[in-house]
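Given below, in the form of structure tokens, are the structures.
Common to both upcoming complexes is subunit A, partnered first by subunit B, then by subunit C.
Let's look at the complex of A and B:
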């Protein structure tokens, strides 16, 4: 058989083998998936601060350990440094310490940004419950609901504060403000920040988590 | 026979001699001080110069040889620095990354080579790569700055926001902190939001351009002090320096002076000296065997205004 005919016969086999190799390579390199499935999977792997904050507000508030507000104030007056170091939470290197406090109180006045209250104890101190300007990390840090070391991107960690503050603004404060009036007796639980460099104990501001009119 | 024997001997001895020469090159002197590399995103900004020099100085005080590498805000340049410092046998890296995502591979490469990395000021999106990340709590700083901004603006007016590098997490933590406050006041309108890459000249150019289409703004919020100074220059050129409030972030010397002179309203003080010194101390502890370190250590940022400026000094030392 002439060499040329032999070569012509081999050519289809050669092409078949190349096509087979390319086919096998592409089969493993390319795959198709419905866009909805893909988006759902992507969403699952993205941290959802709203869901995280929602779960906290809906399930954790009642059991959240709190210090009695009068004991808290008394302890701060007695030894601010020791009390904050032993009982407070703080984020990284800071002079800001955070606490969850609770108590019974009487409403003294309703102001633009706060409700002024007097604790239901002898020689009662005055405190302020924040109803406006609810921003920052006070709730997140006081409650210990999240640890920065668990978050690859600090923005996710900070978005928890944004989401939880939003829930307080939308779910906790409006129903309380619509009913509360001066002289009402209330129960409160909330988060508070104390700066050890500038304590300003007379003007502590509690970000509310639970507000009940008795 | 003689020539063949000679050739065999040469073939046998040559690799040994070469190996000995190479080993001699990398042989470590047990008494020589260990080396710490300080890799900084850019030395074209005085704040980062203070960060780099403070880190190097502290490391020298702790007994290390140091070299400062300038990445010029370029991840490729930064990767080159990491290749060099790995080859040169540095013991640790005090690292100010250029990009939260783009810098992760450099940190990982150093880790694979057994060189621990300590991030300063800016974070990378990795919990496993760096030993620890000492970062400013930019979000909280801008929440406080945002509240001050709202009160100074009486809850209404038009403003411009100048963002930093879009690949840096600090840019978005600052912006997010600011907007977590300001966006709740519907009479505060943001007329433009543009990146000026943390750069003074670029900020001036961007604001000059924005002012042409929005000449009636009341304030400019800037993601760092360099941009605040650039924005202020643009306002001076436009004859609006007295009517438009400028807010920065960092606590650099020129902005602190500008606040004293009532030219700039406020900044958020983050201390490059403190961050750098903390990073150097932690690197020293790590090299001496300490392993119990938090993955991230945020440092509080404080708002500096025309009212409390006397309590502060530039770059974070308090009066």
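Let's look at the complex of A and C:
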């Protein structure tokens, strides 16, 4: 068979194989969906940090295990390292440990950014309940309400803190502040951060989660 | 072959061997399997880029855009995988599989490389200038594509490329071995490989011999772009995120690996395996300096001197080249 004829026969086969290859590649590379369906599904699956924070406060907060505040302080004084390692929560390799504490206390004073309290026990230490500047991840980390490994998007994880802090600022602190007076007996449950390198135990600041005037 | 010629031929391997011995003596953590795999994983991206850079430098060119192309290709792959493409006018969403996203990233890398080659051959823009322009264009495109934010959460299948193990070896190392093997075969045993050397050795002679110089050069830059994209996909997968500033100054590490590996900046002389050795020297040096707790500032200075010494040795050994 002449070479020219051979080449002419080969060409369609070559193009067919290339087209086949491209077809197979494209078939395995992309898929199609109506955009409306996609957007509807996306809306459903979008993480709502406000709803997550709300559900936590309404359903899980009351039952959230907490350490008695006086025991907490005593244990920190006795063996800071061991206590924080055993009972605290922390994120990554930080020296910050987080705890949920609760207790009964008497209001000593109402300041611009805090309410000073004294625990309802003998030789009680003074503590501060934060009423302003509720920022950071103290509540999220102390409560263990969310695990970073469960979130593909770190923005979602960070937004949980933003949402829960906002709830505390808007729903928990204002009703308490409008009624509380010096000398009131109260019950509190809140989150606290302790840095093992700079513990500053005389000046611990509790971010409140439950505040009840007795 | 006398001793001097042998030493010159194997200078990269000798340097690597001496470096390993010295570092093993200075740090007991250096000669461990974990550190060995770490070095291999870390150099895999540089090797991929440097293979492309070797081809470019062999033609007496240079490609300063590989770091930016790496970033853009990685970002495109990540964006396609995570967000797909919306076409509201057709009420159509085009989703991409992991394979599709990788293909998309590689096509973008190849396209940008092709553009580099076209600028250099069609408009006679010097490679330094054309690829410097592409460095800025691709970096800007990456910023536009990502909006300046990382694209994260790409899924475990995509992450396998950069973090997975296959037959007892990390995936990036497998990919690098395949890339190097193909490049070695292409440069040693194909017409295209010979043409690349011929162009770098004497472009006029190659043209007079009937070679289509422009076509070969365009292919070389396209390949450099494709290999930068491969590096970008490995990096994006390893980090599970496409960072807008990924690959910053990778072109310099790549040029360093090529030069240390004995490829002449004047073109026409060098080898892929030499480049692999150059990348290994840089990787081993980086790892050793970290293990020895040397300040990152000193690390840069030391690396700079190593590159200088490599170039000086090259000039001393080949005094008659331009």
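Definition applied: the second predicted complex is superposed on the first by the 174 of 214 C-alpha atoms of A that agree within 3 Å, B and C clash if a C-alpha of one lies under 4 Å from a C-alpha of the other, contacts with A are read in each partner's own complex, and residues count from 1 in each chain.
Everything below uses one rule, namely that a residue touches a chain if its C-beta (ideal position, glycine included) is under 8 Å from a C-beta of that chain, and two chains touch if they have at least 3 such contacts.
Source: prediction; values computed, not measured.
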Partner chain(s) touched by A:135 [first = subunit B, second = subunit C, both, neither]: first
Which superposed partner A:143 touches (first subunit B, second subunit C, both, neither): neither
Partner, of subunit C and subunit B, that touches more residues belonging to subunit A: B
First (subunit B), second (subunit C), both or neither touched by A:29: second
Touching partner for A:153 - first (subunit B), second (subunit C), both, neither: both
Common interface positions of subunit A, toward subunit B and toward subunit C: 152-154
Interface residues, subunit C side, partner subunit A - complex: 86-88, 90-97, 99-100, 103-104, 152-153
Contact footprint of subunit B on subunit A as seen in their complex: 91-96, 133, 135-137, 148-155, 158-159, 161-162, 165
Of all residues in subunit B, those that touch subunit A in their complex: 100, 123, 125-127, 135, 137, 139-140, 143-144, 146-147, 169, 172-173, 176-177, 180-181, 274, 278, 294-300
Residue numbers on subunit A that touch subunit C, as the complex places them: 25, 28-38, 152-154
